[in-house]
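In the two complexes below, subunit A is the common chain; its partner is subunit B in one and subunit C in the other.
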Partner chain A sequence: MADSPPAIEVTEISYSYGDVLAVDGVSFEVAPGEIFGLLGPNGAGKSTTVKMLTGQIGPDSGSIRVLGMDTVSDTSKYQGRIGVCFEEKNLYTAMSGHENLRFFGRLFGIKDLDTAALLDRVDLGPRGDDRVADYSKGMRQRLMMARALINRPDVLFLDEPTDGLDPVSARTIQGLITQEAERGVAVVLTTHDMHEADTLSDRVAFINQGKILALDAPEALKLQHGQRSVRIRSLGNAGEIEETTIPLEGSGVPDSLQDTIANLEVLTIHTEEATLEDVFVAYAGRGLGA
Partner chain B sequence: MTRGVISAILRKDLVAFSRDRFYVFITVLGLVAFVAMYWLLPSSVDETVRLGVSHTGLDEILAPITAVENEALAISEFDSRDELVEAVESGTDGIVAGIAFPASFQDESATVELLVPAGLPPEYQPLMEGIATQVAVFAAGEVPSMGIATRTVILGVDRAGDQISLQEQMRPLLAFFVLMMETFALASLVSIEVQLKTVTAVLVTPARARDFISAKAILGTLLALAEVLLLMVLIRGFVGDVPVLLVALALGAVLVTGIGLLAGASGRDFIGVMFLSLSLMIPLMIPAFGALFPGTAAGWIKALPSYGLAEAIVGVTARGESWGDLGPALLGLAAWCVVLLAIGTTVLKRRVQTL
Partner chain C sequence: MSTRRAWSIAAREFRLGPRSPIFLYAVFLPIAMSFLISAVFGGLLDPEARLGIVDLGQSEVTLAAQELEGIAVDVLDDAESLRDRVETHNLDAGIVLAAEFDDRIRAGEQPDLDFYISGESLASTRIILAVTTTDLIREVAGEEPPVAVSVTPIGDEDFVPIGDRLLPIVVFYAVVIAALFLPAASLLDEREKQTLSAVLVTPTTMREVLVGKGILGVLMGVALGVFSLALNQAFGNRPLEIVLFLLVGSIMMAQLGLILGSLVKDANSLYTAIKGAGVFIALPVIFIIWPTLPQWVPRFAPTYYFLTPVYEISVNGGALADFWLEFGVACLLCLALAPVLLAVGHRAETRLAWAG
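So, the complex of A and B:
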């Protein structure tokens, strides 16, 4: 993965809506087979960045190369090799699942698309002939995912792919994302779900006010910016439950841990580590929901 | 590739159109209603010339003339000049003009007034002078030497001498109604794509904005043309120079497609799209309404985009006109088609690119 040329190269891109600077000098790379999480609160610049990456708009400055092609001059060519799953359920509701996939297949020049196999991949096989208007939210999202895979893309852009879904639908989609990455597909995942980003992403970028605040593997970010500790719950003299937190930083940690355990009637011991949310707050001074 | 993409979008839109109960309902209902309306209208014209006369003491002399009533001429008597003037002004009983004989008619110096409304075809005047002369002959036994003075009574609207039946007058209006319905349908189809952002999903594939817009323009034009052609067949509108008519209808379909694209791209929701479509289409119906009232077309009506369409339909089907007569109107219509299609596609392109 590390030796392959990057599937996506973003260099110092900026974009403004009138006087509002939405994206400000953002740079990053995504390797083939890598799942890259783009995290940030609403209005941080994620959607604008993804719009530029998918060729919907061109950057005001800077450059984006996807699969070695410039997104402005080679738009049509590289869009034939990407798959996009939007946050909005923008499907043709008067048409069936099969018909939706067949239509988008034709846009990619695929005449004999195996829509049944695609629908089976997202567990929609038995409902393929039903109109999308009759689908639940989860079914629509799974169909969106199937649509993003029509052309066996080399790069996948997924915007909140599991937002508001039931656990079964969410797991189906997360499974597909992992499978695609294993196939060598570069995945750009935009999400509010810190747990999902932590679980799926090889690297994450925190974006706020149009700038990337931090970019690294989730584990590395947590180690760099979180505080590791041990939380001990014990029974006090009067029978009440007490909590003691011992930082795992600095010298003398084993001794203090040993002393604490020896002197208390310990009920439970848990290691504590920072979450991606904690790391984001440390960088941005606010949470993702802010 | 582009042809394949446009064809795919067209096929998808046809499926969407055929499955939308609202579009199908208004299309079928509109066609049935307009065709029924056409056939319920009178298809013939009352060509009898109805004149009024007023006189004092000429009963015996006028009796043989007023008794002459046939399909071409009918004369009604009035007791006074004032009553006759009122009848001519108001068009009571279809009176189109009047002859007022003075009480001193049998004197040599008598003057007969011909009460002629504005815009009355000039051929009426000799007819009325002839009647006045004939009355004078009856009165004097020889051709009298008398002056005939005329006075114009302003009525405003000239409907006399109109040789176009109501059915013929309604043709452009009905055609325009059908085209207008297709404007709603296209505008709604475009608006739904924009609002649901399905167009965004299309534009992150190898399909380009121009493919999407071309498909919509082709669909709108084909649907509008197919419906208006069907209507014209059902109301037996294909008379006279059919190629001119076909060109006019095709241009009309392009015209309303431009408006449909504009309304669909600009409307925020279904109601907004309907409001915009109506706002744009109602002024364009004025020339078609103008066909109902011949002779009233003002200069500003001729400047409206749809004037060429209404003029061509009436010209070909009712007046037997051809390329030579309708060339300028068709050129004007074509120019408006280019302008409105350019505006519609530009606005839609900007809208889809800023989603």
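So, the complex of A and C:
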């Protein structure tokens, strides 16, 4: 992964909606096969960043290269090699699942698209002839995912792909994301769901007020900002529950842990890790929901 | 610009058409209007008088009757089947011409002529057929009419029946609803439902989307214009010239529709804009219906440059050669609208990205 040229190279991009600066000097790279999480609260600039990456708008300054192509001058060319799954369920509801996929297949220049295989991948095979108007929210989202995969893209942009879905639909989509990354697809995942980002992403970028605050692997970010300690709950002499925290820094940690466990009636032992939400708060001074 | 992608977009519109109320409305409105106008003012549903002839000789009356306009002549083999068909109102009237009928009337004899009238035929039809038959027989006999008929036109000699003057309304609705309203509504719908965003992150460009939806408008405008004229039997002698004006008019209307579809905020704004502009774009129709109004006024409306030629060629026997100026202006308007459409299309694309 590290030896391959980046699938996405973003250099100092900025974008303003009139007087409002939405994205301010953002830079990052995404390697082939990498799942890159873009996290931030509403209005942070992540959707604008994705719109620039997908060629919907051009940056006011800076440059974006996707698969080695400039997103402004080679728009149609590189758009033939990306897949986009929007948060908005923008499907043709008067058409069936098969018809939706066939239509978008033609826009990609694919004549004999195997729509049945695509629908099977998202567990919609038996409902492929039904109109999308009759689909549930989860089914529509899965069809959106199938649509994003029509052209076997090299780069996938997924905006809140599991938002509000039932656990089964969410797992189906998360499974597809992992499969695509294993195939070598660079995935840009925009989400509010910190757990999903933590589970799926190889690296995450926190974005707030148009700037990237931090960018690293989720584990590294959590280690940087978590309290490296173990919390032990035990039963005291009078039957009350006691908590003991043992820092995991410095020498003598194993002895200290061993002594504590040997001398107490231990009920539970937990490592005290920071969540991505904690890390975001540490950087932005506010939570994602704020 | 990929014509394949533009055509894919147009093809999707045509495939989905029967599932769209607006599409069905555009198709059925001109048909409904044609039937309404013909029912009220006559025309489409007026039956031709039907005359059956059994000719036992080879009478010139039969040949002369067959050449008449407005009367459908059916030559039968025997009197019995003629009677049956008149009795069942399959024919309005029927005559049996005996052998050597022509020779006998020329010789001054008065041979018997069986004239059967259907009890269900209209009184006016009976009179027309009876008088026509009598005239034909007198002509074959070489007799002069017993009176000298002097025909004097009264009123406006250039008068065009109201049914014909209403023809532009049908054509107007066919072309404007199909060519202007369908692409406008389709583009707006895609903007509102953000399906356009999904299309524009494929290799498809906004220009291809506009061309695809324009194809829908133009083909539907021409097809419905032709269909409406055919339904009203108003093609005149120069159908290709009429189709040419319908084509230019549909291109112009499709461009205006796509400009509207790119600019308006929502469906309410679209209906308001079309209603507001309705009087302006319908000006030529109004001035054709009331020909005493000053006829220079509708020249300010873009629709004048195809509606008036279509009307003049189909109803008044005009020709393309009489309307080169109108044709040129219509083409220039189409050319002038193209860059405007591309500019507002680009603006709509940016706004869509901002809104999504």
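Heads up, the rule we're going with is that the second predicted complex is superposed on the first by the 278 of 290 C-alpha atoms of A that agree within 3 Å, B and C clash if a C-alpha of one lies under 4 Å from a C-alpha of the other, contacts with A are read in each partner's own complex, and residues count from 1 in each chain.
In this section, contacts are C-beta pairs under 8 Å (C-beta built on N, C-alpha and C of every residue); 3 or more make two chains touch, one makes a residue touch a chain.
Keep in mind that this is a model prediction, so the values were computed, not measured.
K.L.:
Quick check on the superposition: with subunit A as the shared anchor, is it clash or fit for subunit B versus subunit C?
P.N.:
Aligned on subunit A, subunit C clashes with subunit B.
K.L.:
Output check: A:D123 vs subunit B and subunit C. Expected answer is one of first, second, both, neither. What do you get?
P.N.:
A:D123 sits against neither subunit B nor subunit C.
K.L.:
Looking at A:Q56, would you say it contacts subunit B, subunit C, both, or neither? Reply first, second, both or neither.
P.N.:
It touches subunit B and subunit C both.
K.L.:
By the touch definition at the top of the document, which applies to A:A94: first (subunit B), second (subunit C), both, or neither?
P.N.:
both
K.L.:
Where does A:F86 make contact in the superposed view: on subunit B (first), on subunit C (second), on both, or on neither?
P.N.:
both
K.L.:
For A:D70 in the superposed arrangement: first (subunit B), second (subunit C), both or neither?
P.N.:
Neither partner.
K.L.:
Considering only the contact definition stated at the top, list the common interface residues of subunit A for subunit B and subunit C.
P.N.:
Dual-contact residues (subunit A): 54-57, 76-77, 79-80, 82, 84, 86, 88, 90-95, 99, 103-104, 106-109, 147.
K.L.:
Could you please specify the touching residues of subunit B with respect to subunit A in the complex?
P.N.:
Going through subunit B, the ones touching subunit A are 1, 4-5, 7-9, 11-12, 15-16, 19-20, 196-198, 200-208, 353, 355.
K.L.:
Can you check the complex and tell me which residues of subunit A touch subunit C?
P.N.:
17, 47, 51, 54-57, 75-77, 79-80, 82, 84, 86, 88, 90-95, 99, 103-104, 106-109, 147
K.L.:
Can you list the subunit C residues touching subunit A in their complex?
P.N.:
Per the stated touch rule, the residues are 4-5, 8-9, 12, 15-16, 19-20, 193-195, 197-205, 350, 352-354, 356.
K.L.:
Within their complex, state which residues of subunit A touch subunit B.
P.N.:
54-57, 76-77, 79-80, 82, 84, 86, 88, 90-95, 99, 103-104, 106-109, 147
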